């Protein structure tokens, strides 16, 4: 059985999902694509022989034969499209974050629940071979009881300042992935303390954001964690985790395009810098997350990243924001009270 | 312009090429597939919507619109199909080795030359990011004048003994890749000394072959090289090169599925063994070699691996065979005389 | 000119200093040794042919010909012996920490200042080749403007619970070294937030201490730093730093007794665990710090680790203690006010 | 009981041994030192308070109380001094090689045997933690049955051309260490094939020697080995071994003065080059070999490197020399026949 999909959003990540579904997942295909900018939808449709290209997400969702909807549009539309897809009885794969307010998120999740459809959130990094191996080390008891977790997540270069201004801030735009990673590896968090600074570009500070942050997490299980974010690492994309437990540690190095060492009278160096672009680093995770989503539909399994998993990192980002603003540890329960 | 291809051979490597061409190379497609075992051709045709599946290689070659032929059939058929394709005026991508005798090879190459078509040989390892980086270190002068070259190339496990019996021997079946790598990196070879032994499996010796060999190469440029082959490395597929020159060295480590380190009270270990299967190790090289082949056709460029590049490693294997048999260094010129 | 030294304290670290001075520093020797437990002083005197062994630190200090005093006795005696040595006009090398109260430290430093003698504090890790190389990367501009600093400092096993009870707590006993390292690398700190937990051994918690801590530092220069301490790392002594700046990063791996890799069908592993014992990890730093101390005396140079450098980490430990107790960031200026 | 030693030879290696014995081995001391250049002997005597300095090796050997003789003089004197020491009933530690002719070696070994004294040869690399760990991997069965051995041994820079002229050639001067390492790890060798070239410096060729060699060894146990020697590695002292067996491999990386990685926008590099000088690389082996020698005397144990172990590498060097000269594999039994 082939799963027929509607794709909403034909931008960069929409193109990634289209390529994945059409070339890499034998038992799935896209049969309708929507983008408010019609030429983008049309270009994708032409490239992959997709029957329907439309500016209207609703038409794509209701196109005959659609089993599931992939939402890859801009963040502010996620919840609305999710509600529409759920009401149409379609399974949903939605890019993170679901929305920027808890009320909007909760409305969308309630609709999904009532509709009884599957919903998977696009926290793709969970599917990375490195982080899966570290997760396995934790779950299998290989490193004992979890005690300390360090997540380093640095971008090669900051996004354009115009993007920064509408991004929602570093905690919602960048750290959100790391909040999910923290939960994926060590479970739920109770309290957050966020230190932050503008060290990369003053313009980011003038836009009301920070570009460097170091966050301390206290997990419900008693462990302590940290997240280190910078908008700019000179040497490229830096994505590392160290999980430390009573019996040892599991940590990963960055990924390089080759494994070459060059030794000269001046230095011993790597043959190349780490892979620079997030698509190079994580390409296989995009294939894997959709492969599992399709598998969950076909065999009626639980999705690997639930709607609840999409909600909690937003709460964490809110707590981090407040902690940074007030320079004090903030409990997640404080956020939920509002 | 799309390059239309005929694929001859629908076995393992034929499937790899079909997947590559149909999913990964936008400006190429397969429009006919031949396999003497028709169901194999039909299965491929169905999967990739290929119009013609036939047991007759000639029909595939002459199918209307075919620009180029990919020969992925068994070794003993390579030269014949190459000659047929050349006579039909089609460009040719042919798996190595071209043939097992020099007369057959020379006949095929002469036909290709007369036909004026392009011919690329499938020495895919040249397209590996590791070996390309080492090649760059040599060509750019980064490591100075080449002096010593070490190639380590060990398989995870020996092939079935039935395969060994018809393989032509380790030098033709396994070392052939390394002979090409030696030429790719350091240029032509003058003399070969091959030591060999049966250390992995006595059955291999009983089949008249060896399973372990260490070969010394004297390059025309005065440098010295070695090739270390074993049919079995307990830890997996081992593919490494060290190029040493007057200004330094370039070497590569193996490729791992993750970059995780696990540290416990017992040991510090990698999160996994090296990638085990040659398709995992070299998947991208199959995409890259055909991408370049298509590009050479479209833009009338020289192919990166010529027919001559396909011929010389066979001469080298013959010299190694003789060296091992007689336990003395053998010059390549001795082989050419016959 | 040979520098003649009095050694006070013939315990473990006293023995290390004796071995260093007598075997490794050609232009220095010990001519008197004091330990309140006389047999310890006598054993050292016999081993190294030291003329005077005494239970009385004052006699050792005033022994004819003494130029400098090495204080390696228990922490509570450091300040008193420092004052006596300063009043006797002797140069002083003193183990850290100087004392556990600021008033006592300030009294000792004032006496040293008035006496005009040299005082070096035994923060030996500054002399480690790894941390010196990282320091050089920072000072030379190799990694640009400092932005983030991570110090990981984990012991192989906790000390005996009886030791924990009198240690002054993890911040004074263990983190003190890391506070110094933070200052050594990134300069002075303004504010500290310390998260802590009892994760290794409940008995440590019952003794009123914690065994795991993660500390966030805000540096005066705007950078953010962290210290990760655990009383127990299953795989051994873990001593690593990552300094991250606008142009890149400098980080070190642990030190291993060999550089061997063992590869089998089960795993790829290191030939050994990291060096386990702090004397193995840091032996050369003990030689280096005393070599430089002797050199500073002989050539009247500034010592590399001043009395002030000995004072500030105590203030930092006090701030960390208060931060942990009150679960809020604490400024160093709050401590100084008391 | 302290072992009293006579040291013959006060040059570079004599100084290393003196420092080791006087500072590092509590139960041994030097009580006489001889050097035909008396001021060298006198300088050593003064530095370490050695009672007798003499130009006459015989006086040093017969100095009252001498238990053992350390021969660190020039190679051509080794056998003579060994014979004299043996005849005086002293245990002997002798630098390699014993002599340059088999007849001279055999005479010396016969004398030692008749005298019943202990004789240890200074193949210090056997005591390196890296090579000991690899040896352990072999002996313990960790890597199964030995199949392939690769020794890489490259110097940072060639010695002065005047030294080359009297060195006896690269096989006797440089490879001799690696011949011993091959035997230490994989046992005795049956046949040798040596390829060689002048690639580093033409002056070395004009002096009748080569500066680059690659040697193939066939071991008695059926395994195959190689030795790669170059007089010049741009990046420093290169000392690596890979032992490959039926169950896996054991290999070592070079030794670095620090474990720092510097990552910038240009490159990921090591903080330093490998340790450059053989004394930095192997200092601990000099301590270890003499510590074990002293222990063997005190507890009447078998020495770890016997006179026979000193003889065989000379035979191997002769075979390599002949193989290179005649460009054919040479059996060790051919050398013994002469």
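Read from first to last, the chains carry the letters A, B, C and D; within each, the first residue is number 1.
The rule we apply is simple: a contact is a pair of C-beta atoms (placed from the backbone, for glycine too) under 8 Å apart; a residue touches a chain by one contact, two chains touch by 3 or more.
Source: prediction; values computed, not measured.
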Degree value of the rotation bringing subunit B onto subunit D, based on Cα positions, nearest 5: 180
Farthest chain (mean CA position) relative to subunit D: A
Distance from the mean Cα position of subunit C to that of subunit A, given in whole angstrom: 43
Whole-Å gap between the CA centroids of subunit A and subunit D: 58
Residues of subunit B engaged with two or more neighbouring chains: 234-235, 247-249, 263-265
In the complex, subunit C residues that touch subunit B: 234-235, 263-265, 267-270, 273-274
Of all residues in subunit A, those that touch subunit B in their complex: 23-24, 129-130, 132-134, 137, 142-143, 247-255, 257-265, 271-272
Residues of subunit C defined as touching subunit A within the complex: 144-145, 147-148, 150, 154, 193, 195-197, 199-200, 212-214, 216, 218, 222-224, 226, 228, 230, 232-235, 244, 246-249, 327-329
